[in-house]
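Naming follows writing order (A, B, C and D), and every chain is counted from residue 1.
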Amino acid sequence: MESATVSVQPRRSNASAWGGLLKTNVIWAVVLAIVGYIVAHWLGGKIAGNIAAEQNPGGTDQADIAILLGLFGSIVGWMLGLGFFNYPLKRMLGRPPSLHEGGESGAWRYFRLCTDHKVVAMQYLVATLFFFFVAGLNAMFIRTELTSHNATLFPSGNYLTLVGLHGTMMLTMMSAGVIGPLGNWLVPIMIGARRMAFPRIESLTMWLTVLAGFVLLSATLLGGFPTGWTGYAPLADQARAGIDSYLVSFLLIGISLVLVGLNIIVTVVTLRAPGMSWNRLPIFVWGMVTTSILAVLAAPVLAAALFMVMCDRSIESTFFVSSSGGSPLLWDELFWFFGHPEVYILALPGFGIVLEILPVFARKPLWGYRLAVAGMFGVALMSFMVWQHHLFMSGINANLRPFYMFTTELISIPTGVIFLNGFGTLWKAKIRFTVPMLFCTAFFFNFLIGGLSGVFLSDVTSDVVTHGSFFVMAHFHYTIMGGLVFALMGGIYYWLPKMTGFNLNQTLGKIHFWTMFVFFNLTFFPLFAAGMLGMPRRVSTYNADLHTLNVFVSIMAFCLGLSMIIFIVNLVWSMVFKRERAAENPWHSKSLEWQIPTPVPSYNFEEIPTITGDPYGYGLPEGPVVDFGRRRPAVAAGKAGA
Amino acid sequence: MTVAAEAIDRESPETLAANIRVGARLWTSAAAFFFMSFVFAFLYLKALNTAHSFREPHVTPPLGWGVAILACVVVSTALFAFGRTSLGDGTASRWRAMSLGALVLGLAVIALQFIEYYNLSFGATDGGLASVFVGFTAAFLLFWLAAVYWMETIWAQSLRGERAGESDIKDTNALLRPNADGCVVYLAVLVITEIFAFVLLYLVK
Amino acid sequence: MRILGVAATLAALVALVAVYVVYFLEASPATVSTAVMNSDGSANLTLQVVGAYGKHPFPDWVSYLVKDTSGEWRHTTIWKLPAHTLVHVTVYQFDSQTGLRNNFLAQVRGTVGGTATYTDTGNTGKGSGLPVYNNTALSVLPPAEPAHTFTVPGIDLSVPLVGISNATENVCGVAPCSMKYAHTTIAFSFRTPGAGSYRWQCFVPCAFAFLYGFGGPMQTVGYMDGLLDVT
Amino acid sequence: MSPTAAKTSGTVEPRHGRNFAILWAVATAIMVPIIIWVVGPHIPPGSMSDNTRAQHDVDVALTALAMPVLMLVWVFLAYAIKNFRADKTSEAIVDGPPIKGNARIQATWLIVSAVLVVGLAAYGTIDLFVEHGVGGGQGSNPLAKPADAKGALQIQVIGQQWMWTFRYPGYGGVETQTLELPMGRDVEFHVTSLDVVHSFWAIELGVKADAVPGADNVAFVRALRTGSFQVRCDELCGLWHGQMSTTGRVVSSAQFQSWIGATAKRYAGVTKVLPPYSLTYYPPPTRNAT
């Protein structure tokens, strides 16, 4: 890529703080989303009245055409308010393509469409953490209900809504939880680029994710939904209007996942700096690429399945209605064809983060780099061939079960490779147990238990006992929370000083780690036993003899919740009050992102750098890993953080 | 004007062309996986034939409208694909005529589909085939709308021509051809999808 | 300034969480005492079932109502009953016939004597052609005739409630219904179990417009589902 | 900012590979017997039926097999935390040895894990056939059947929102709300649903099969002793999913005959109005008012 330096000094926008209020921003988005809902709902009522006056005789809860159209109307309003239609309309009028939006300075850029990938990443971080804690709050409610073996606290329907909100929100927000904040922030910088390939699409994915979260919460206003995150049809066809929120929300996340994956793959393919060969690509970027492959290919299947449920609910088609030529098994197949890659969308970013951080604190090169990349690709590709292990008991063709048992167990080979890479890296290392490193070590501890319990689930014999029970629930919490969330926390402690320019408190970080680690294990390990002893998922009533176990688990879960509060306190204290300036390279890493100033200037690199070395060249007598050209960017050139 | 755009030089079109090339292929594969779900739904529900009501006797998709829609999709794509070969080589009139034709036929697809819906002898409720028919064609319509939008932006930009200093990209006209190429990849997959849809929904007994 | 900002955010968040919690806790209908005690130690429970509740928020939803100890009709389905007591139930049923999904539920189970008595004063329309029950004790109701069932699976109690003829014109539209509208009367007795909370529900697919007739009111406590709060 | 590798000092580096291998072997040698003989007998789901025996054996075997892997990781983590630490007393950043990989170890790891996986899959597959599906729902054409499948007692399990009922086609198609089955006889469950997806889980019998409307899902069991067992719904099915449970009983053959006779008599009236026995049912309505 040719480039020449022009002026380094950015021109400050002279728009005042109040001026930003009048431009497109999230406030307008909220207003227009509500207006959009009302208008489209009214319109939908008219249409539905014309199509089938008989079906919707003024019913307040059964007008799915109107409600679905209303929700789509709110999407349109939201995007209009944020200014996402300006550029497409300009393009329709023949204006030439461009890469950046105007007015991208000042605090307002955090509240609108912004094409700076670092701003989008910070928006992502705040949004996904917000919804992560909302979903966590639901988990606390669920555990409160389960302190009694009879349904006592929440009315039965509300309990199911809580379970569904917790599951769906965690799954959707954590799918975006790494690829959104860390992926968008790090990928361009790690490969030596100034931006993502499609900056507007990047921003779109972020704002769609936010909207998806709020649309999902709107289910509470529409009567809740009883299906959990798996949305099994035909229960989803039958449910009240709250399920429409679930459908639209998940659809938004699906679209967002496709686009974010597409954007990252394109960025990595086309925007790598000179010298950033495939062999030198940081392992985190490989993690993002493999995640993106899954996102691009799996999420469309989900979108199609959701579209079918929407058809069933609105125009009363019969995709999942067996008495009219449909079948619930169609949903099972389509959903899990997406669903299994989805759980690896929730695992691969964790692998990437952990293998990226380990070498820094082990002071050794990543052991078996090529094998790690191969392992990630192995996981990604094989995850498309295992989905029927979710359907061992469902009554589909039983002849396929040995095959899916085999492929499911086969996927443990590439997963095991990640452990080998980690251990090779730690072998004879000089480990420094900083907070990020603690989280990475715990990742191996937790993910191993998750993985080994997965073997039980892959074996049909054992799966007869464990399928659909709390055993499964404990299993995927070990892989997703014990794996991904621990890795994400490690990543936040590791990269947040670079992203914001302020240090996090290490002592609070260590307290957070130890409480989270201990109480996480005490919460979820007993649940393996609960599942094997006959406690199905998503129930508010269970056998009285499991009562003590559940009370113990609930208390531990509350402690786990408290450890999350320690994390929030640390974030707020360090970022808002203390504001201790972070060093440029506090961890003494050799990766590219640590070689540039903190805070990172909005254009990242004054001149596109040339990569001259391996990002993990610890212990090697190599020169600098990067050549910044004529000048290393001046430290005080821009203000990216705050 | 943005900080990034001002601090550094305007972007070269080569990288952007590569972006469009890779991006178009990825978007196309996502679309292919989306439609695979409907093909799967058709085959799966046909094989299960629950309650013997996959194909109710009166569910006969109107072949005439189906042929018309298929023809419009194919011809529209062909016009755009051939028209783009003369994009920028000086024979602009041929490009303009052909791309305009492609656009008009593209809109005709949408109109024809709605006419077909209006004249349908069955509703989405009438069994598995009816559901797949309505769902598949409606989903295709959405993706086709995106294709028409894409064609329109290229067409509109080519009509308007380059004006100096309007973009943060150096030579935006150099992007027209890669953009059209990417669009054709997408259109090609939509044509294949429409052929699949036509065979499955109208022909397979 | 910063402290104020954080405090304001915190307060807003706490308020939001409080609203959220209250929302999830509160949506349940009220628990009412329903058993009118007789001198012999047995209790009376009086119910009515209406085809359309007729009021906000779901006027077209089918619903149960109960007479509380003061004789008022209450729109709730969580009923307080004494434990180990003989309860005489009288149901005034104003809804029309739907028929069962599973004909097994035509069987009367768990009542004293294994029967319920049916009185039909509703088939007043032209051409209804149905047998008119007059204090008829039945153990199996013809499976096309129930409008609802009153079923408590935990104590194996199930009584199909006969519906008024679909040809009837004198149909009640707004709850609570007075006895001048067409209705059927079902009477049966059962013995309450030990203390505990027992869910009850209707098994007839009587929810309008929902798939399998089983969404909406059929899955909402306060309409066709409820709890026997036995103390 | 490019710290150099630690110079090998005069002290002899301990033989980490050998030490670690010994520790791992010892830990494994301790844990495996504990799992098999101490923990193993307590692993659910007990021994009420042929299925639960098979499931119990597999669970014990898998747990025991997991121990070497678990110990490999735990012992390694502990060993690394103890031995591979940076010098805490010094602020200087010291690099470890720049080992980038080892083809032999990588190949060994891959081969060993591949052998393990193939072995596990073979074990699972054989078990599945030998134990005729170990109580899992096998769909309408079961692949693995018990030896005398023709003589099996057929029981249809019908799920509906929110209740289980059971039909005995061999006894006039009588339908009941209670499940009883004879000890020592193969039972063939036909699981189906009238509305949404449920899952029939007879916990102590080790039977689990999804109840899918319009589909027939077959699972086998042979109860080995008498007693009661729980039936729960294992697939989220709406409001009272958690309460959709009942208690079944395994009784002696004679007791079963007298129970089923009494039940058929008691429900003779309602049996007459039931639809004829069928593997699937499509009762109306699909939607009201359409």
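Rule of thumb we're sticking to: a residue touches a chain if its C-beta (ideal position, glycine included) is under 8 Å from a C-beta of that chain, and two chains touch if they have at least 3 such contacts.
Only a predicted model underlies this, so the values are computations on that prediction, with no experimental measurement involved.
Trainee: Which one of the chains is farthest from chain C, going by Cα centres?
Mentor: Of all chains, B has its centre farthest from that of chain C.
Trainee: Which chain pair shares more contacting C-beta pairs: B-D, or A-B?
Mentor: Looking at B-D and A-B side by side, A-B shows more C-beta contacts.
Trainee: Where the centres are mean C-alpha positions, what is the separation of chain B from chain D, in Å?
Mentor: For chain B versus chain D, the centre distance works out to 46 Å.
Trainee: Hey, how far is the Cα centre of chain A from the one of chain D, in Å?
Mentor: Each chain's C-alpha centroid was found; their separation is 30 Å.
Trainee: Indicate the whole-number Å distance between the mean C-alpha point of chain B and the mean C-alpha point of chain C.
Mentor: 53
Trainee: By residue number and range, which residues of chain A touch two or more other chains?
Mentor: 55, 151, 156-157, 226, 234, 238-239, 312, 316, 318, 321-324, 327, 329
Trainee: By the touch rule stated above, which residues of chain C touch at least two different other chains?
Mentor: Touching at least two other chains: 199, 208-212, 214, 219-221, 225.
Trainee: If a residue has to touch 2 or more other chains to count, which residues of chain B qualify?
Mentor: Within chain B, the residues that touch at least two other chains are 48, 50-51, 125.
Trainee: Would you please name all pairs of chains that touch?
Mentor: Contacting pairs: A-B, A-C, A-D, B-D, C-D.
Trainee: For the complex, which residues does chain B have touching chain A?
Mentor: It comes out as residues 1-9, 11-12, 14-16, 18-19, 22-23, 26-27, 29-31, 33-38, 40-41, 44-45, 48-56, 123-132, 134-135, 138-139, 149, 152-153, 156-160, 162-163, 166-169, 172-173, 175, 179.
Trainee: Give every residue of chain A touching chain C within the complex, in rising order.
Mentor: 55-62, 137, 141, 150-158, 161-162, 220, 223, 226, 234, 237-240, 312, 321, 572, 576-577
Trainee: For the complex, give me every residue of chain C touching chain D.
Mentor: Those in contact with chain D are residues 98-104, 106-107, 109, 139-140, 142-143, 151, 153-154, 156, 199, 201, 203, 205-214, 218-221, 225.
Trainee: Which residues of chain C touch chain A in the complex?
Mentor: Answer in residue numbers: 2-3, 5-6, 17, 20-21, 23-25, 27-28, 57-60, 196-197, 199, 208-212, 214-216, 219-221, 225.
Trainee: Spell out the residues on chain D that touch chain A in their complex, using ranges where they run on.
Mentor: 1-6, 13, 16, 43-45, 51, 54-55, 58-59, 62, 66, 69-70, 73-74, 76-77, 80-81, 84-87, 93-102, 105-106, 109-110, 113-114, 117-118, 120-121, 124-125, 127-128, 131, 133-144, 191, 195-197, 199, 201, 203-204, 206-210, 212-217, 230, 232-243, 245, 280, 282, 286-287, 289-290
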